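Take a look at the structures below.
The same subunit A turns up in both complexes below, where it pairs with subunit B and then with subunit C.
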Partner chain A sequence: MTTKILELPPNLPKSQNEEAGASKFCPGCGHGMVLKTLAFAIDELELKEKSVFGCDIGCSLLSWNYMDIDTVQTHHGRTTAVIYGVTRANPEAIGIAYMGDGGGLAIGAQHLVNAAVRGEKMLIVLVNNTNYGMTGGQMSPTTLPGQRTETTPYGRDCSVTGKPAKGAEMIAAIADSDKSYVARASVSNLRKLRSTFKKALKNVNEGGFSFVEVLSICPLNWRTNNVDTWARLQTMEEFFEVKEFVSREGL
Partner chain B sequence: MTTLEYKGYVTEGVAKGKFDYYVYTELCKGCGLCIAKCPINAKGENCLHWSKEVGLYQTPAVEPDPSLCIGCGTCALVCPDSAIRIEKKAL
Partner chain C sequence: MVNKLIKEDTKMFLTGNEVLAYAANAAEAEFMYGYPITPQNEIMHTWCKLLPKTEAGFLQTEDEISAGFSTLGGILAGKRAFTATAGPGNVIMQDAMSMAEMMRIPFVCAVMQRGGPSTATVIYAQQETRLTCYGGNGEGFRIVYSTAGHQDLFDYMIKAFNTAWKYRFPTFVLADGYQGKMREPVTLYDPASRGIKMVPVEASLLAPGKIGTDRPSNHLRNTFNMEEELMEVLDEYAVDFAKLEDEISEYEEYKADDAEILIITHGIVARSARTAIDELREKGVKAGMFRPITLRPLAVKPLRAAVSRAKQILFTESANGQLAQMILEAVYGLTTPYSTLYKMGVGVTGDDIVEKVEAMLKQPVTV
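== the complex of A and B ==
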């Protein structure tokens, strides 16, 4: 078996930037899977020309050249605010705010809550990998009880730091059920994730507010090998319930 | 727009000659998530395994066992960098 120039290109979605080459993410990062699935969902609904993609600070900013759609990179936690500014100025646009758990549930929580209360026309994708990956794996709001990170070397102590934040439940409690779609999905089932993104994008296309929290993986900072990574994701799915919380009728 | 060239290798005729299995060495980062997710490996066989070829970061890429692979496409679906393509052979 020898390496040669192949005639057939890889099976990339049309909304993905082919010229960027391999993504900037670490080996085994869940962001690649989430973005690939999101791009396939955009392709399927033919929303590429209308979409605006905003990425946050943190690992999620490495998606700045991943998509072949209009992209803006914003301040930490302000992706929600920038993207609903874009969709208010241009009501035709489909705004996609892409952030990690730090950008959504720590520094950007205020924008997330208020966007959900007002029901802005946008899709928020919150990728939850239970730590701050880019800075070296510190504790984040969603770190599981007892999980070892750089800043919790003896495991997260819930009596000091509180319990992990559950973003989808919080948004489901305040979102308007007549025009919202709130769900939690996981990268362990990418077909399900794709149908979740399709429903969310369809809801945004009809003028609603969508929030999708995706349970993701971080093999480098979890210090897990390929088998343990999937096992760890399984324990995350037991803690964070994977389901649709709010679904507008007719989706 | 220039057409891009992709380096890689092909395992021909997997799943009783029905599919060709493409691996792109400039995209594979050697994370091994596909190996852990392979349904044949889950049964205790050694279908998808490390290759002697190297990927983007000079870590081993993957290759299937042509006699065991069923061409289900789970590895291609789960690959974060789209480094695997399973193409049905024209009959």
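== the complex of A and C ==
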């Protein structure tokens, strides 16, 4: 009896760079899912030719050739500033700034806050995995209470470090509700993530400012197996409310 | 495209900061990103006041980090964009400047030096010379024009855009608070009237053409996986940068041919040196000046020739020898003795220089 092997090409979005090959992220990382979902949303809205993708430093930097759209790799925390620099100069462009929780809420927080206040024409995607992954798993602004990281080896003590930063809530409080879209989604529901990205991109295409925080997973630095990774993500979803914070009719 | 305001030669009485804004417009600059810091604010004030006529763009950013990086974004989007800063702003903008250095982005920035270190004074200094030439975590692959007055500011700001876009190294107009704030007559002109053609700009992001059919997607990278991969790139940069000395280095000599005492200085201090030299020459002292205009790259050959001819050298700066450090490296092996007149963060007057030179005549320096 001969075995027939079916060759099924992967279902890649057009906005994803086929030539980049397999994901460079760690096994089990959430970034690949977030990027692929984003690429599908760009495809659906036919925004590929107008989009500029900026990636931060940290794990995000590995996305520098992930998309089949024009991309610039920047410095840690500076992606927001580079991308609104692009869209100010070229108002037709759909600017996408892609970063982690450290890049967005710590080292680049001033750019995030001011981009939101000014209503810059861009989408900021903040992938929240509650730690600095690339540098070896230190505490980040979103590290959960009690979570062990390299710099909180006995668990995050909120009486010393403060409580985890809630990015979407902060941006919702300062962004102009007439032209902003602010949401938190999770890699636990990619269908929902895709519709969230679509609304966010549509809002940018209409001249608005969008912020999407995506709860994601980091099994390597969390030192979790599949079951525990999923459980941790559920804990995160209890702590960080998954919902739309600012939206408007027609998105 | 922007509307150019200066169509024919126009003599005006302006502050240096105003001159820089007019120069950027004359160079067809389309966008300024900036953050307030004294003593460079009037560059953006003037730029903003002129916007209805120029139809250019401006973004007031949240800090100089943003001003630097958003300028990079604007340039990558294909605009002839620029920024300006000073002092602590120059310090935190080094982050963006090093990205420009690594990615060969034609970044243009006017630096109006103020006192340092730290917040220090808001008025004047030459203490950002080293920072502007060699700042960031790089190798100083930067082009730096040091100006000595308002005509220089106009001429070299225009030139900076062309140099940056032609050679794709970050390019600086290094001036100071005195030049920024004082008024003097200056002739503004349309660069075309002097035969200056602006180097065309092009977009690195969203360039014309459909991705996949007309062109591949452009992935601009500044992080390398392997050490050797980085060195290969930087070795090429070093070769390109080394060629610049012959192509773009500039200097000014004033009565340097027969100078026995050669004053080496740059920027506004060169103006004091001229006054001093005229006074000394009247007294029969053979004094002269060598002033590098490009601090990066230095005009090393004429510098070494001038130093070789002189009997004594005087370095004078409103800093503690930041230029002298670079010059001494460039004249390695020459034995002309030198003395120094450094006033950190304070202007050097003609009288200061005359007094110093007269002391050097009485008691010649030996090292």
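Criterion: the second predicted complex is superposed on the first by the 243 of 251 C-alpha atoms of A that agree within 3 Å, B and C clash if a C-alpha of one lies under 4 Å from a C-alpha of the other, contacts with A are read in each partner's own complex, and residues count from 1 in each chain.
The working rule: a contact is a pair of C-beta atoms (placed from the backbone, for glycine too) under 8 Å apart; a residue touches a chain by one contact, two chains touch by 3 or more.
Given the structure is predicted, the values throughout are model-derived calculations rather than measurements.
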| message | Let's test your reading of the overlay: on subunit A, do subunit B and subunit C clash or fit side by side? | response | fit
| message | Going by the contact rule set out at the top, does A:A89 touch subunit B (first), subunit C (second), both, or neither? | response | second
| message | One more residue to check, A:I5. First (subunit B), second (subunit C), both or neither? | response | first
| query | In the superposed arrangement, which partner chain does A:D70 touch: subunit B (first), subunit C (second), both, or neither? | reply | second
| note | Value for angle(subunit B, subunit A, subunit C) over C-alpha centres, in degrees, nearest 10, is 130
| request: Give one of first, second, both or neither to describe whether A:D101 is in contact with subunit B, with subunit C, with both, or with none. | output: neither
| said: By the touch definition at the top of the document, which applies to A:E213: first (subunit B), second (subunit C), both, or neither? | reply: neither
| message | I'd like to know which partner A:D56 touches here: subunit B for first, subunit C for second, both or neither. | response | neither
| message | With both complexes superposed on chain A, which partner does A:M33 reach: first (subunit B), second (subunit C), both or neither? | response | first
| Thinking of the overlay built on chain A, is A:N17 touched by subunit B (first), by subunit C (second), by both, or by neither? | second
| remark: Superposed, subunit B and subunit C have a smallest C-alpha gap in Å of 9
| task | Over in the complex, which subunit C residues touch subunit A? Could you list them? | result | 30-31, 33, 57, 59, 61-63, 65-66, 68-79, 81, 95-96, 99, 203-207, 210-212, 217-223
| task | Flag every residue of subunit A that touches subunit B in the complex, lowest number first. | result | 1-6, 8-12, 16, 18-19, 21-23, 25-33, 36, 190-191, 217, 219, 225-227, 229-230
| Within the complex, which stretch of subunit B touches subunit A? | 4-11, 22, 24-27, 29-33, 35-37, 51-53, 56-57, 59, 63, 76-83, 85, 87
| query | What part of subunit A is in contact with subunit C in the complex they form? | reply | 17, 48-50, 52, 54, 57, 61, 64-65, 67-75, 78, 81-90, 92-93, 110-111, 113-114
